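Two complexes come next, and they have one chain in common, chain A, joined by chain B in the first and chain C in the second.
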Partner chain A sequence: MQRYILRRLLQMIPIALGISILMFALLTLAPGDPVDLLIASDPRVKPQDVARLKRIYGLDQPIHIRYVKWLGRTVRGDLGFSRTYKEPVTHLMRDRIGNSLWLTVTAFFLALLVAVPVGIYSALRQYSFLDYLATTFTFFGVSIPVFWFGIMMIYLFAVWHPWTAIGGLSRLVLPPGGISTPGVPNGLPFYLDRLRYMILPSVVLALLSMATYTRYTRSSMLEVIRQDYVRTARSKGLAERTVINKHALRNALIPLVTIVALSISGLFAGAPITETVFAWPGVGRLLVDSVIGGDYVAAQAVLMFLAVLVLVFNLVADVGYALLDPRIRYD
Partner chain B sequence: MRARRQWSSLLLAALLTFTVVPLQTAQAQPAAGRDQVVIGMSQEPDFLNPMFAEMAAAVAVLDTIFVSDIERDNTWKLFAQGVEAIPNLKDGTWKLDGDRMTLVWKIKPRNWSDGRPVTCADFVFTHNAARNEQVPVIVRDLTNRISNIVCTKGASGTDITVNWKERYAYANLTITEYGALPRHVLEKYYRANPSKLNESPYGNDPAITIGDGAYKLVEWRKGASMTVEAVSNHKLFGTPRIKRITWRFIPDTNALVANMLSGAIDAIGTIGVTFDQAVQLDRQAAGRFKVFFEEGLIWEHIDFNLDNPLVADVRVRRAIAHGINREQMVQQLFGGKQPVSHSYLPTKHPGYTSQGLTTYPYDPARARALLQEAGFTPGPDGVLRNAQGQRLSLELNTTAGNRVREQVEQIIQQNLREVGIEIRIQNYPARVYFGEITNRRKFPAMAMYAWVMSPTSDCDQLYTSDGIPNEGNGWAGQNYPGYKNAEMDRLCKAASREVDEAKRNQLLNQSVQLFSRDIPALPLYIRASVAAAKPGLQGFTAVQLSGTYETWNVHRWFWQ
Partner chain C sequence: MARNAVTLAPVAPAAPAQAGEGYWRIAWRRLRKHHLAMGGLMVIVVLIAAAVFAPWIAPYRFEQIDLLNRFARPFQAGHLLGTDDLGHDVLTRLLYAGRVSLLVGFAAAFSAVALGTLVGVVAGFYGGIIDNILMRLTDIVLTLPVFGVLLLLGRYFGGGLIAIIVIIGLFGWTVTSRLVRGEILKLKHLDYSDAARALGASETRIIFRHLLPNAMAPIIVAATLDVGGAILTEAALSYFGVGIQPPTPSWGNMLQNAQSYLWTSPWLAFWPGMMIFLTVLCFNFFGDGLRDALDPRLKI
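Let's look at the complex of A and B:
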């Protein structure tokens, strides 16, 4: 097992290098050089200005030299200075990843907390009313576009909120977007305030994965409860609860664990659409904005970070799978 | 049964955890007597150092924390804000010496928000930093035209003389390109490494980002909000009645509208919603807020590529202009709130005139007659052909995904089909379109986009022959149609150097008339600036004049 992990870790190096070359080339060779675009957008910018700026930023050098310099700096932990955000990319990423994690981790646990029980229940009571309800819900969950659902939630909870007419329910009016109330003092008030801002985006974000996880849990549970060993457990006279919890559930959750491990890297990637709709300054928005804004320094750093995370969590998923399922062995 | 209860309670617990959170909500405050304003913006300022800030959103905020030398009000009238008087030729504060010029300024005494006085040395420092080749400031248009600036009564004085290398028509609108920055804060970063001056915390960190304006930066939560606080007893503005202004950055414009509807924000600035959304917001307002529509400076038009022999013939261009029902188009799409334009300058520009303009009202019969005169006859498929049998089929390009422009394209396609012109639509992502197609003149016939004009815009480089981008000049210049006309060259060059405003406007008037005759580009319409505010907020209007935003009079806002 240790040799397997070591081998996988070593394999990651050429893969990461390959990704970095591809990513660097794609971003650099994309049409519309950001400095050249300055001329098109502002008639006061002269060709001499463009030449001067390219010299200052080192953009006048050939692409392979720029790549080597970039790689050298990145390996040393210097991710560069973002031209759009006028901040060191390390600061930018630290803040943005932090913000995204607030949202994605909450949504992730919220999704699991709802999806696993619902999925199990659906499987145990297949074709019952609640099963149909859950299946319909997951169908909606996977088909509703997240931006539309987000706007509807804002409209319902922040704009329209008809229930405020009922006494005492005005507390359920939520902020329509943003991350915190400006000027809120640090400490407990800050966290309580942040919690209010998190409710809508995390529920919206959770809905998508909730649907997926419910479907996985349901189908996997359905498969497991038809297995011989479950029937054996039942015929041994074990209580239904023990049969489900000890024999069925543990095995049914194995595929889910893989899915969950693979989606952890996604938590760091943020959620561009949800973050945009709810004005949440996360890493997903940073990536989209920096690509659109031609801020390659920031885009490269974020993409590289996410690529490495995907590689690492793929390994974690594979290892976790082996630990959970004794039938799987790596050498 | 027990299992069922167990799961149900789990589910219920999960739902309850996330819905019932015991917290207070932002209660709506009564408008009168409030001393705060929350403004929604779809963009976040990149930086608050005027030398490096690139975004319009930054300029809107900078207006509150810095004093402008000369400012424009919402009627576009100039007034001296940070200086005693606007230099002029009559009283000798603006002197001409052949090609050179000298302007004499006196700044109004005032302090930086840390209490230190604003002096001539701050202006000199800022100008010299902008002039340094190593400093990554982007625009140095005025900086390069200035030969030097002199503190006539010492570095700590308020008298400044600026010597210009060449004549420049708008030299009395600003002392130097970037005005004054606090030398006592910035100099150490400049001395340490001029090429990283843009990486200094000045412009990011509220603790050291000091200005001389009516407000000072107190908080910047990146990606979320920014707050400025009124300076008490400001030497120029007194004590503003609005104590705190917060901008909230909401990139999704639908969410921005929802914020306005929910009352979470008091106003949406001109960098906020689209025209369509403003119209919609206006319908939903119902007295809760007011939506402002002001004629702006953004000019939508279609460039003709004059290298294409089909549109090089002015009769074909005129036929296209007559063949498109622009009046009906702006009525249908914008309810008439964005008027048809007839030349390259917006109607509010001082150089614009409606006298002697050639206009092209919708007249398909006239369009067909012009095309016949140009040698086109109908082909079997209804599309016209010239003597060589070439079909009058033209490609129209614009930015992909821009719904309004796509609608305009469809109307044009339909209208022109009726006069026998085939329009083929081919759109590109903005990056490719502006980075490769328009600026390198790669559009085969017609390119639709907008120019952002300013009250000081003229036609130099825009329609002069030396402004045609080509490989030799590094694709500089904005004359994308490739328009060459000796008379236009003369008018535009003279206007850009004419310091007498009346004479300059006369030259610009002539250029506007000449443009409308030759139509190297087809004027479509002028975009409106839109903004919204709660009715109690007094003094707020939709102003968007490259460099001046709704915040120009922020120290006079109040709630009623």
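Let's look at the complex of A and C:
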């Protein structure tokens, strides 16, 4: 097992290097380097200053040397300085990762809690009305544009609210965006307030994963209940509950573990859209804002962070799969 | 992009093949029985027709501004679906936007699948070090946070139709390349490939005459599902302002300002999103049916 993990780690090295080259390329592809952008925003900069600045920032050096230096800085945790926020990018991200986690973790559990039971039920009652309903839902979930779904939810629950007319129900109206009401005292009121802000964005963020997990649970369960060992369990006279829970479900959930681990980083990567629609101050929104604002250093740093996250969860998925399924050879 | 597949309808029990009936005929017969797929196909045909004939159907010109009737409600002032913040007729823009969105969808999906097929065929057929390099490249692209990268590239090069098509295509080929590689690996050691090789057929002949035609099922299914995916991606990029730029309408950029007018003119946000949703849904229904008809065992 240790050898397997070690081997997977070694296999990750070329991929990580490839990604770093692509990321560096993204930064150098940017129209204008940081000094050019500085000149554009300040006409008083003199040509000799430009040359001096380019030398200080090392922009006059050949590209491969710049790459090596950039890689060295990145590995040591120096992701550069944001032009628009006037702050090191690591500080910007540190403040926002927590906010993103609130949303991502909630959406993740929401997706799992709905998808696994629905998927199992769908598989056990294949072609029943509820199965059709669930499958239709998965089609909707993967076909709906996330940002539009978000806007529609805002409309339904924050703008158009017939329930405001019904006295006392106006508390059902949810905030259209943001993360908390200013001035709410700490403790329980804070969390209740945060919950109100989280309902819409976490549902929106969860939808795609929910649809994907439901689909995988269903198809994996369908595959497993046709296996011989399930028939054996039934023929031994075991209760249907035991057959499903102990024999079928446990095996059916193994592939789901991979999908789920692979998609955690996907949740993070999908968050930019949701976070922007709901003005949620997370890492994803930082990415969108810095791309739009032309702050390419910050944008690229967030992308790098997301890519590392994907790498880590890919490893988690592989190791988890090998741990759970003894049929996987890992040497 | 091919995350969009779900099995909905029961796999039609393989109808007894009649003598002399070819693979594609059988597939078409199976597809016709798949109601959702046929429904999806019909809607797609209608949408394409509406886009192609937009100049004749649309009540206004797409850049025409009715300044006296900005934010007109639906059915008001001669605007069936209302007008937007500048006084554009929403229905007209929806029709013209359909041209852009569908064109980007088809072209990007086509380039992605073509690229994926190329990579998959080369990797699968030649194997060894070439395969290794190409598959590591696939791994790298799969690890990228693609949406963020597209956002950044859209900001750099965006605005134009071609640029959007190229960048979506450039990052959407990975799933196809893996699928095709798997197919080729399976096919290249079958008897008919060996026979062709023994008869002295050239590599190109084996690839184009024997391998590719037999690997068409997953390629076609992936392409169909990719159209939906590409439309979704274009919409999101345009919504963020780094895709298709106004005044050229696309369903995505029509939603760009819609959120700020949600309180006063919610219909502006409703229609473009509904069109995206409907179109992508139909492509997914159709792709799903195609998979069942061509090869139900495909895992896309």
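The rule is simple: the second predicted complex is superposed on the first by the 277 of 331 C-alpha atoms of A that agree within 3 Å, B and C clash if a C-alpha of one lies under 4 Å from a C-alpha of the other, contacts with A are read in each partner's own complex, and residues count from 1 in each chain.
Everything that follows uses one rule, which is that contacts are C-beta pairs under 8 Å (C-beta built on N, C-alpha and C of every residue); 3 or more make two chains touch, one makes a residue touch a chain.
What you see is a predicted model, and the numbers here were worked out from it, not measured in a lab.
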| item | value |
| --- | --- |
| First (chain B), second (chain C), both or neither touched by A:P145 | second |
| Contacts of A:V277 with chain B and chain C, given as first, second, both or neither | both |
| First (chain B), second (chain C), both or neither touched by A:L53 | first |
| Which superposed partner A:E240 touches (first chain B, second chain C, both, neither) | first |
| Partner chain in contact with A:P31 - chain B first, chain C second, else both or neither | both |
| First, second, both or neither for A:V118, with chain B first and chain C second | first |
| Which of chain B and chain C A:I5 touches, first, second, both or neither | neither |
| Touched partner set for A:P43, first chain B, second chain C, both or neither | first |
| Touching partner for A:I254 - first (chain B), second (chain C), both, neither | neither |
| Which partner reaches more residues of chain A (counting touched residues only), chain B or chain C | B |
| Common interface positions of chain A, toward chain B and toward chain C | 30-31, 147, 151, 154-155, 159, 176, 276-277, 292, 294 |
| Interfacial residue positions of chain A with respect to chain B in the complex | 30-33, 36-47, 49-53, 56-57, 81, 84-88, 92, 95-96, 99, 110, 113-114, 117-118, 120-121, 124-125, 147, 150-151, 154-155, 158-159, 170-183, 192-193, 195-196, 199, 202-203, 240-241, 244, 276-282, 285, 289, 292, 294 |
| Chain C to chain A touching residues, read off their complex | 3-4, 6-8, 10, 136-137, 139-140, 143-149, 151-153, 155-156, 228, 232, 235-236, 239-242, 252, 255, 258-259, 262-263, 266, 269-270, 272-273, 276-277, 280-281, 284-285, 288 |
| Chain A partner contacts - residues on chain B that touch it in the complex | 2-4, 7, 10-11, 14-15, 17-19, 21-26, 38, 46-47, 52, 54, 133-134, 136, 138-141, 195-196, 198-199, 203-204, 219, 221-225, 227, 244, 246, 248-252, 254-255, 258-259, 261-262, 264, 431-432, 434-436, 438-439, 461-462, 473-476, 478 |
| Of all residues in chain A, those that touch chain C in their complex | 14-15, 18-19, 22, 26, 29-31, 127, 132, 135-136, 138-140, 142-149, 151-152, 154-155, 159-160, 176, 211-212, 215, 219, 265, 269-270, 272-273, 276-277, 287-288, 291-292, 294, 296, 299-300, 302-303, 306-307, 310-311, 314 |
